[in-house]
């Protein structure tokens, strides 16, 4: 099937699994070889529809910054589609459509201080942001990365964070609510919550903030950021909804009337406050 | 991988207490399965059966006596995927519904006399006793669903089963609504679809033989039937007759408890 | 200026035969004492002229309840293309024409849904005037006169039909219709008279001016909880709605290796699994959450491609709801604070 003959928006591109890298617990990083320009150049915070033939599609955030020719998805084994993906091997093919949605406004972030806040699996889209920033580090001001998780052995991208912690042009804070696992991770992980880390950091009114984590986390993070003086217009949240089609037709991802797949998944807090049904932050 | 060099996946089709309706559906479709599976055990359809491990076991019927339970545990221990097929296996069906109404020992005494030596258990669905991987309801099961579930499991994928209500299929058939137009006690709104809205398509009320749909609104259903003039006891009996479990009726504001226990 | 013609009802049979020569003709037929349905017909006598609302709206012709989008075999993915049969849909009333117009907007919005548009482009829609019954409230929704969604439109002038031509596809049929004569001034008077009479025939409705604001303000009104308690979550309100477009995407695996299809099926926001995400978190767990969501799409509007309220006032949800909670007019009146409202 050549790209030119495609007319249906539901047509996925065949993508071959290039490598499978187990991360922690049920999380694995899948690297795909993709042909299309669009998929090779996903923007931070965008998502793709990953299709395992015979099983179904699942929306997955892109976790690689601009790289070209290589798409990386961090997948947690949590449902039917992801379980099926975990049975696949390097060299097998899946379908991928996208990228879809508005990611983080990287152009707006340029020249400014940036604070990235991740909770748990939310580190996947946040990784696409810091990879993007690190490619053009000089174009951004101060950069803070905050990454919290439930258990210390949930730490994802461990080798990468080890390197990030050594960089002098980044302020990286990592914390777990509980220290678990056979050994302490070889990176400096502290005991605490995401909100403790935000409090500890020097985030302030000058920072643009990008947040991604489980639905319950947002309210507390937003409160903490406001305490630190970050204005609402500088708080960007990546939300999870069930994007089934990704193209604004199927209706599954509506939040109070806004389509997460087209208007999001990244929303500015000021826009979210206009919507009913947003469980992630107070009205 | 060379196909010839691998053995075909094995299936078993077993029956507990049920009407064999699911076995008939599976038997009818066996020719479609045979190129892809080896039937290790199907006592209903073949004489040579073995007890060896299987990839998929389809089990019909509810657990209604110690023998059923023993058999079920044996099946569970030998199968990779255990699929409960049909309402009996998934919800307990009419025998389960009967047990919800009166004590099983009373029923036994009434039918076989009080000195009967027959051993019985309160009739329950499979998942009350063992872990069930896939629940495929039906009375009998839908052929297309059965084949697609089997296709998924043969590839080691969990199938997509939604249990939307009968009303959806009924509307898609463009049937006049028997609940609205004829005031029949149709249970379509709280019953799992898959039958193609068979009864309402014939102008009859759905009596819920596929068991509850996902998140059935029993309270609203009971209220609406009661408003249509149906007796509260009949309404509850109707809702429970195919084994809908008690937890679906907790927190109901519909007043029936005293009346049904009276 | 749009062309208009008149023809005698005695000539309707030959008019119908011309439509039939274009393709399969579907029109409302009676299926029970109270219900009608769009079905393919061969004889104009099958048409139920008194049909106001069919069980399913005409969206089903372009957006079928179940539709294969893709098939794959041995690693090759093929899109499923519908056979290009031409469909004529006859007897579509103004509410449904507005409904089709809204569906067009949704499916045309980029990336365009080729599955819908292909079928839509191979169709001719013939609209038909109607007199409202006690459930009709298109007048309140501003959808009582057709402005889009049709190629030809017939207005019933007792012995004659007044024919309006809206699109090039519609005017392409004209040479085949010798029974037509250009509308004269007297015909135009009769036409205007009909629509004035119709305007006055509405008995159901509400003042729509503050509808959007009301829906916003009353998001937490206790009325919703009362309705939610009665809601069966049966989803009847959504397939019958001319503008409900939500769907599910399903993979149908085949028994043989590496073969199967991807199918879309009508879904309903009223079903509990609709807003559930992986890990079983549900953003709309209870019937009232889902019911409010649906009402908001219909009466306030969403930021979808149509970006406005999507109710067209056909009254289908009101007559199809077994719980009687989809009486939109009563709900709006109650929310607007009008005292005669129920609850």
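Letters A, B and C name the chains as they come in the text, with residue numbers starting at 1 for each one.
By our rule, a residue touches a chain if its C-beta (ideal position, glycine included) is under 8 Å from a C-beta of that chain, and two chains touch if they have at least 3 such contacts.
Nothing here was measured: the structure is a model prediction, and the numbers come from that model.
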{"item": "Pair joined by the larger number of C-beta contacts - A-B, B-C", "value": "B-C"}
{"item": "Chain nearest the global centroid, as defined over all protein CA atoms shown", "value": "C"}
{"item": "Mean-CA-position distance for subunit B and subunit A (Å)", "value": "41"}
{"item": "Subunit B and subunit C, separation of their C-alpha mean positions in angstrom", "value": "37"}
{"item": "Multi-partner residues of subunit C (each touching 2 or more other chains)", "value": "248, 250-251, 253-254, 260"}
{"item": "Numbers and ranges of subunit B residues touching at least 2 other chains", "value": "151-152, 155, 157, 159-160"}
{"item": "Residues of subunit A touching at least two other chains", "value": "54-56"}
{"item": "Interface residues, subunit B side, partner subunit A - complex", "value": "151-152, 155-160"}
{"item": "Subunit C-touching residues of subunit A, taken from the complex the two chains share", "value": "1, 6-12, 14, 51, 53-58, 76, 78-79, 82, 93, 95, 215, 240-242, 244-245, 247-252, 254-259, 263, 276-277, 279"}
{"item": "Complex contacts: residues of subunit A adjacent to subunit B", "value": "52, 54-56, 80, 83-84, 87"}
{"item": "Footprint of subunit A on subunit C - complex, ascending", "value": "69-70, 72, 75-80, 106-107, 109, 111-115, 219, 245-251, 253-254, 258, 260, 262, 264, 267, 269, 274-279, 281, 283-284, 289, 293, 296-297, 300-305"}
{"item": "Subunit B residues within the subunit C interface of the complex", "value": "32-33, 35-36, 147-148, 150-152, 154-155, 157, 159-160, 162, 164-165, 167-168, 171-172, 174-177, 179-181, 186, 188-190, 214-215, 217, 219-221, 223-224, 253"}
